[in-house]
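One chain, chain A, appears in both complexes that follow, with chain B as partner in the first and chain C in the second.
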Partner chain A sequence: MNKYTDVLIIGAGLSGLMAAAKAAEQGKKVMLVAKGMGAVGLSSGCIDLWGYNLEDPNQVCQDPLAEIARLCAVNPQHPYARVRDVLEESLLFFRRVCQENGYPYLDHRGGNWLLPTALGTLRPTYLAPASMALGDLQQVRGVLVVGFRELKDFYPDVLAANLKKSGVLQANCPLNTLMVCAGGGELTPNTLAHRLENPVVVDRIVDQIKPHLLPGAVLLLPPVLGERWDSQVAKNLAEKLGHPVYEVANIPPALPGQRLQQMLLHHVKGRGVEVVIGCTVNGARVADKRCTEVLATGAGKPIKISAKTVILATGSFLGGGLESKPGKAWESIFRLPVETGHEKWSARDFLSMAGHLFNQMGIKVNEHLRPVDKTGEVIIENVMVTGANLAGCNHPIEKCGNGVAVASGYKAGKLAGEVGE
Partner chain B sequence: MSSDYRLALDNCIKCSICVSHCPVARVTDQFAGPKQNGPDLERFRLEEPAAVHPSVGYCTNCKGCDVVCPSGVAVSAMNCRARGEYVSMHGAPLRDKILARVDRMGRAARLAPSLVNRLAGLRPLRLLAEKMLGISAAMIMPRYAQKTFLELYKPQNVGDTGRKVLYYPGCYVNYNAPEVGLALAEVLAHNNIRVEVEQFDCCGLPLIANGLLDTARDQAKKNLAKLQGYINRGYDIVTTCPSCHLTLRQEYRELFQLNTDPLHEKMLDVFEYLSVLLQQGKLVTRFEELPLQVGYHRPCHLKAAGCGVPSREILQLIPGLRVADLDAGCCGLAGTYGFKKEKYAISQAIGRNVFNAVKELGVRQAISECGMCQLQIHHLTGVAVYHPLQVLAQACGHGKWLAK
Partner chain C sequence: METDKAQVVVIGGGATGTGILRDLALRGIPAILVEQGDLAHGTSSRFHGLLHSGARYAVKDKEAARECIEENMILRRIAPNCVELTGGLFVQLPEDDPQYADQWITACTEAGISCAEADVQELIKKNPVLSPNVTRAFKVPDCAVDGFRILWGNVNSARRYGARVLTYHRVSAIHQSNGRVTGVELINQLNGQKRSIECEMVINAAGPWGGEVAAMAGLEVNVIKDKGTLVAYNHRLMNMVVNRLRPPGDGDIFVPHGTITILGTTSTTVDDPGCTKPGRDEVLALIKIGQEMVPELESYRLIRAFAGVRPLYQAGNATGGRSVTRNFALLDHQQRDGLAGMVSIVGGKFTTFRLMAEKTVDLVAGKLGVNAPCRTAREPLMAPVSEELLERGKRVFGVPGARKAAERLGDSFAQVVEQVEKNPDKGRILCECEVVSLAEIEHAAHSGDSFTLGDIRRKTRMGMGTCQGTFCSYRTLGALSGYPQFAGNHREYLTKFLQKRWKGMRPVLWGQQLREAQLSTGIYCTLFAMERMR
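Presenting the complex of A and B:
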């Protein structure tokens, strides 16, 4: 089976979906092929740009865009240095797509939000879906943390105790917890979210919460308020309670990341992108520095796909985009070189503030996102690399994973859209 | 990727993507989910095959877990084997044994299709069947055709293109929806290609889904040998049912370790076949205008085949036709699953998204490649549902393929 397309995107994560959305908008025939559902479904659903100050990693960064500009000056190898020219327009594009699909992402006056997690810690992020965008905890006049008896992995008392310790709330701000029952059984976030789509269940929960509400309180809940991006559960709950309701970030698989993924997939399908998930690209033919076709397998059956432009958005080691054996790492489809250095790949401490070297491994690219060798020479001219495939980013420490994905995916899609007939 | 690799437990990194995309786990807590019934319990089953959780019976075998797994783990194959193990230890209910033999039911119904259709619609009888056997009285039964596809099919005289095509119709087309097979013959005749037909065994998917793996294995061997004979004689094999297609090509290999390699290049979904013709410039693209708006539902087993939506490219060539993707996930029927009394409500809850999407788009006709999806969409929404081939045959000009 042979397929032909203008733009082939390999990978269904955030950068791949952004590339698909942008290239399709420019009128290209776009195909997106992925081995499995991309890692954005495992993410918080927030778009982190840059979390902390360059010099002081304990200080939350107040102006991520300015900090990224400084970063690009001191670390020209960082992926942001390759995409800075489109960073702001990529964020506008992302927000427009979200808005069009009825799932708005909000910014915090150009700074970072400081959003509570399920552990009661505070995480900086640049864009948050409306259901998570809790403005300023210092202004809050009361907090009620609500958990569900049926749900594992969310403990209101833990959240409350750590939030209290963080010192972000006013000293006299009441902070209470409450366990409610959603009808019994043992539920996963998805099952619970499905149950909450039923207005009768929401009414029952409202009844349980109401007696515990203090004037002016905001509610913090696990991210289970609705299965789909177009769900109205959070909004309905807030209206019925007459108090603002927010979902906090929790461990995967959390719904906000999945909703973002569903929404973007829905968007690109609606724009004519052919999406094939469950199809593994395992190799490619390259001649004269051009990829002539990629070789894929769907349910054991070989498929050859030819494209004018190929966008490699297969992720890092977790997503299967990079492979390794002791002392050696490489990119899995084109066998692009991945520099490993001579140091140890991981730091001694799991939570080391220096980060782990393996997170920084990836493919080096030029300003057009084309893969380059050690000397800066382009290796394959019609391939572009995005997201976690890119070298030089320390995303768990820098808090920039989804930001790099949005900007690099957008840029690759835009450049692919400009490729002539 | 070899079967061994896909089955390897250690590739499962417990990311739970499969759980979050499982249509069953989403709507009920009776199913422990693909990860737990698959890789988690498989570790125990390596030592003790009896370590099967009864909740494995709630898996619909939609194979969504395989599709979304970023680590290439064949979660659904583990579930299937486990169910087979469970059934071999505890036996299957009579109801499951009946539902799993769609070929036998079809043959039996041939004696008096009208009578069977009438009886299948009688409320008291349905209630009795629910009480005695556990077959849901609420789910509509597929109607049997007056004559099977193999009886109705008459080879047409067409010019010689040198192309040899064998059609594997599957039980549903043969016994219930012969018009799909006839539409296929019409479309290929439009392209001067004659279709050969042959009596095959059921692909065995209903048996696999009900844990009756031994019978399925026997049928698989027979079918493969027959198909191999045609491949040796230079035939391409086309299918119109995504589930038959996937079972023949993937399940035989993954569940029974049979060699299906010869099928990979030679067996195609009919729209893949037409796409190849299109690419070679040999597709007759003379189509009549069809001013229709239809909603498209992608069957789970077509997704699992990892080949995209082959019908899309071809249907785009029909002037006037607008196809809107319902993009609503699994329809919930899953072959025999939704006919079971204890699973009917789950199947309807899963299908809710399809109902919503049809209502939202306001379409009055829908298309889907899978006969069971068609039945469920009609049951859920009341809209007319066709195989995309019927739409294509209509555009080819001869006959009324969309009149039901």
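Presenting the complex of A and C:
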């Protein structure tokens, strides 16, 4: 099968979907192919932009945009330095898309939210879906952590013990835990979220929670409140209880990331993007520094796709965009070079504050997101690289992965209509 | 300071020490075993998991070979749930000296080890990963053995006869008076508290730490510390143990265990008995040699590397390595050094631990005037799980889960099944890779000698599978947070556990395992911001 398109996006993670949304908005014929569902479904569902101060990396950053401006000056190799020109408009675009689809993402007066996780830690993030956007833990007058007996991935006592230790709550703030029953059996986050779509189940949960509510308390729940982005579960639960209800970040699978992905997929399909999931791109033909076609397999059949612009949103090692052997790493479709440095790929401590080199490995690009070699020469002119594939981002420590994905995906989508064709 | 009394104190909770404890208990000699960490945290969990037929030693070390085959047959009988009867192969490649094979066949026959030549084509058909260049192959009675399980089997059996065990207690002094040992002093490694035990005899079974322990009594025992690195593949590459048919060297044994395969090992002399850091260069060297037998080795996923220290012994001063005997030596310090009440058992191999224990306790019993004969070769380690119980297990855990749990738990399986029958919620699987249920984890937590997530891991295999604890360590912490010993500092408990797993993953971070590492740093740093947790 042969296919033709203006813009081909490989990968259905956050940067690929952003690229698709932006390119489609500009009237391009866009095709998005992906092997699987993309790593955004594994993420918190929030948009982390920049978490901590450059000078004091234990201090939560109050103004991420200003901090990123400083970052670009001291670390011009950081992916943000390539996308800073569009950073703010990319965030506006992202929020507009979310808003249009009835799934608003909220900011915290331009600063960072400091949101609780299932482990009872706090994580800074820039944009959060309404169901996670807990304003200010210092102000709350009580917390009730609610777990489900059917779920093995959430432990209210662990959350409560560590939240207490974090010192963010007022000293006299009551912090209680409760286990409720959603009908029995053993459920995964997805099957529980499905069950909670039933209002009768929600009513039964409300009955179980009500006797334990203290005035002014907020409720923290695992991220299972609703299957889809347009679900009303969190809202209904809060209304029926008369108390605010929040989902906290938890180990995958977690619904907020999945909802964000579904919503963006729904959006791009609605804008005419042809989406093929379950399609693996195995290779490409390149002539005169241009990609003339990519070779893929979908449903067991070979597909050849030619495009004016190819956006490589294949998601680092985890997504399969990068591959490695002892001492060697490379990009998997075009065999673009990946610098591995001479140092060790990982730090001795798993939780090292310096992070691990393998998470920073990726493809070097110029200001148009074109892959470049060591000398800065463009390797393939009509290919752009986005998201976790970009070199130089220490995202697990910096808390900026989804921010880089939004901005680089947006920029690639925008440039797809402007240069290199 | 708390003071205990026992006739005998055994130092070292490895295979030999626990074997000795069981033997003492079965002969009615009151004993306490002390161990600085958890049982098997040292050499006894850091090996191939190979129950030698002895064929590997037949040419160079006939006595060791003969002991191996005898002990191999005994352990099959007394600990069937700890031994997988895989059978073993010795394969010859074109670059191996064909004359060695003839020498080896003769040596095996003389040592009483059956070695039958196999049809090479048929073998490769059954084990397609093997090199098509194999020239000759022989079947021997090698097996795979579960070190953790045997050790706990020894201890549980010994406890039934009144023996005691103190884990996380390091010996800080050995007291003596008038040329006779009078007791030991211990430091609790978890809370720093001191404690002492008065005794008539001390048995030094501290493996690579044997020299250090002897030094506390003012004695010199020359234990050569020989580090061996091994790697674990996330696949059952072959159905038999596969050895290279040539003089023993690095990287020439593959041992299948359940769903994984272990390849090893290397040999380097080290100074520190606790030096268990697997080196990346050693790992790469292993894979390179292993490829000669399994050409496609590079394409299989590694989950981790690990290293153990062999306590080799040679009277006098010797350098170490492959040339040192794998035989054991029993040192009677009364005879040798004039210190009554102390013996050291050094050298040897996992396969012959029971025999080492028997010889040691024969000597000790003689000194104590006890005439009871050794029973460890006859009496099974644990009662077999009945068919009826296994059926009940299958109803609560499913077929594969029940089988794994029954093998792991042995005598305790009945209790765990009963728990789940009473409360089905406890049947949920917290470790999906190794199919470990909440009930089993709670059982391990209740045992009285689980203080860390690592202790739970060694008892249940939680965290040992493909995800290396990424999901199940968090769940286990959650499930156990109500237990006083796990209610403390979550960051510390979890970090220690994840760090130990990380240590093994680091030398093999490429391919699939690098993807896994990206996922686990994604979960614990990106999602949980645990690097900044207080």
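By definition in this document, the second predicted complex is superposed on the first by the 418 of 421 C-alpha atoms of A that agree within 3 Å, B and C clash if a C-alpha of one lies under 4 Å from a C-alpha of the other, contacts with A are read in each partner's own complex, and residues count from 1 in each chain.
Rule of thumb we're sticking to: a contact is a pair of C-beta atoms (placed from the backbone, for glycine too) under 8 Å apart; a residue touches a chain by one contact, two chains touch by 3 or more.
Predicted model only: the values in this text are computed from it and were never measured.
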When both partners are placed on the shared chain, which of chain B and chain C touches more of chain A: C
Touched partner set for A:Tyr4, first chain B, second chain C, both or neither: first
Touching partner for A:Ala73 - first (chain B), second (chain C), both, neither: neither
First (chain B), second (chain C), both or neither touched by A:Leu42: both
Partner chain in contact with A:Thr121 - chain B first, chain C second, else both or neither: second
Contacts of A:Glu186 with chain B and chain C, given as first, second, both or neither: both
Chain B versus chain C as contact partner of A:Asn359, first or second or both or neither: second
First, second, both or neither for A:Ile397, with chain B first and chain C second: second
Touching partner for A:Thr297 - first (chain B), second (chain C), both, neither: first
First (chain B), second (chain C), both or neither touched by A:Arg149: second
Chain C-contacting residues of chain A that also contact chain B: 39, 42, 186, 252, 318, 320
Chain B-facing residues of chain A, complex: 1-4, 31, 35-39, 41-42, 185-191, 194, 227, 252-253, 258, 265-266, 269-270, 274-280, 282, 296-303, 318-320
Touch list for chain B against partner chain A, complex: 1, 13, 15-17, 19-22, 25-29, 33, 66-72, 246, 249-250, 253, 260, 264-265, 268, 272, 275-276, 279, 303-309, 312, 325, 327
Complex contacts: residues of chain A adjacent to chain C: 39, 42-44, 48, 51-52, 58, 117-124, 149, 152-155, 157-158, 161-162, 165-167, 186, 249-252, 316-318, 320, 323-326, 344-346, 348-353, 355-356, 358-359, 395-397, 399, 401
Residue numbers on chain C that touch chain A, as the complex places them: 284, 298, 425, 428, 430, 438, 471, 474-475, 477-479, 481-482, 487, 490-491, 495, 498-499, 501-502, 506, 509-511, 514-515, 517-534
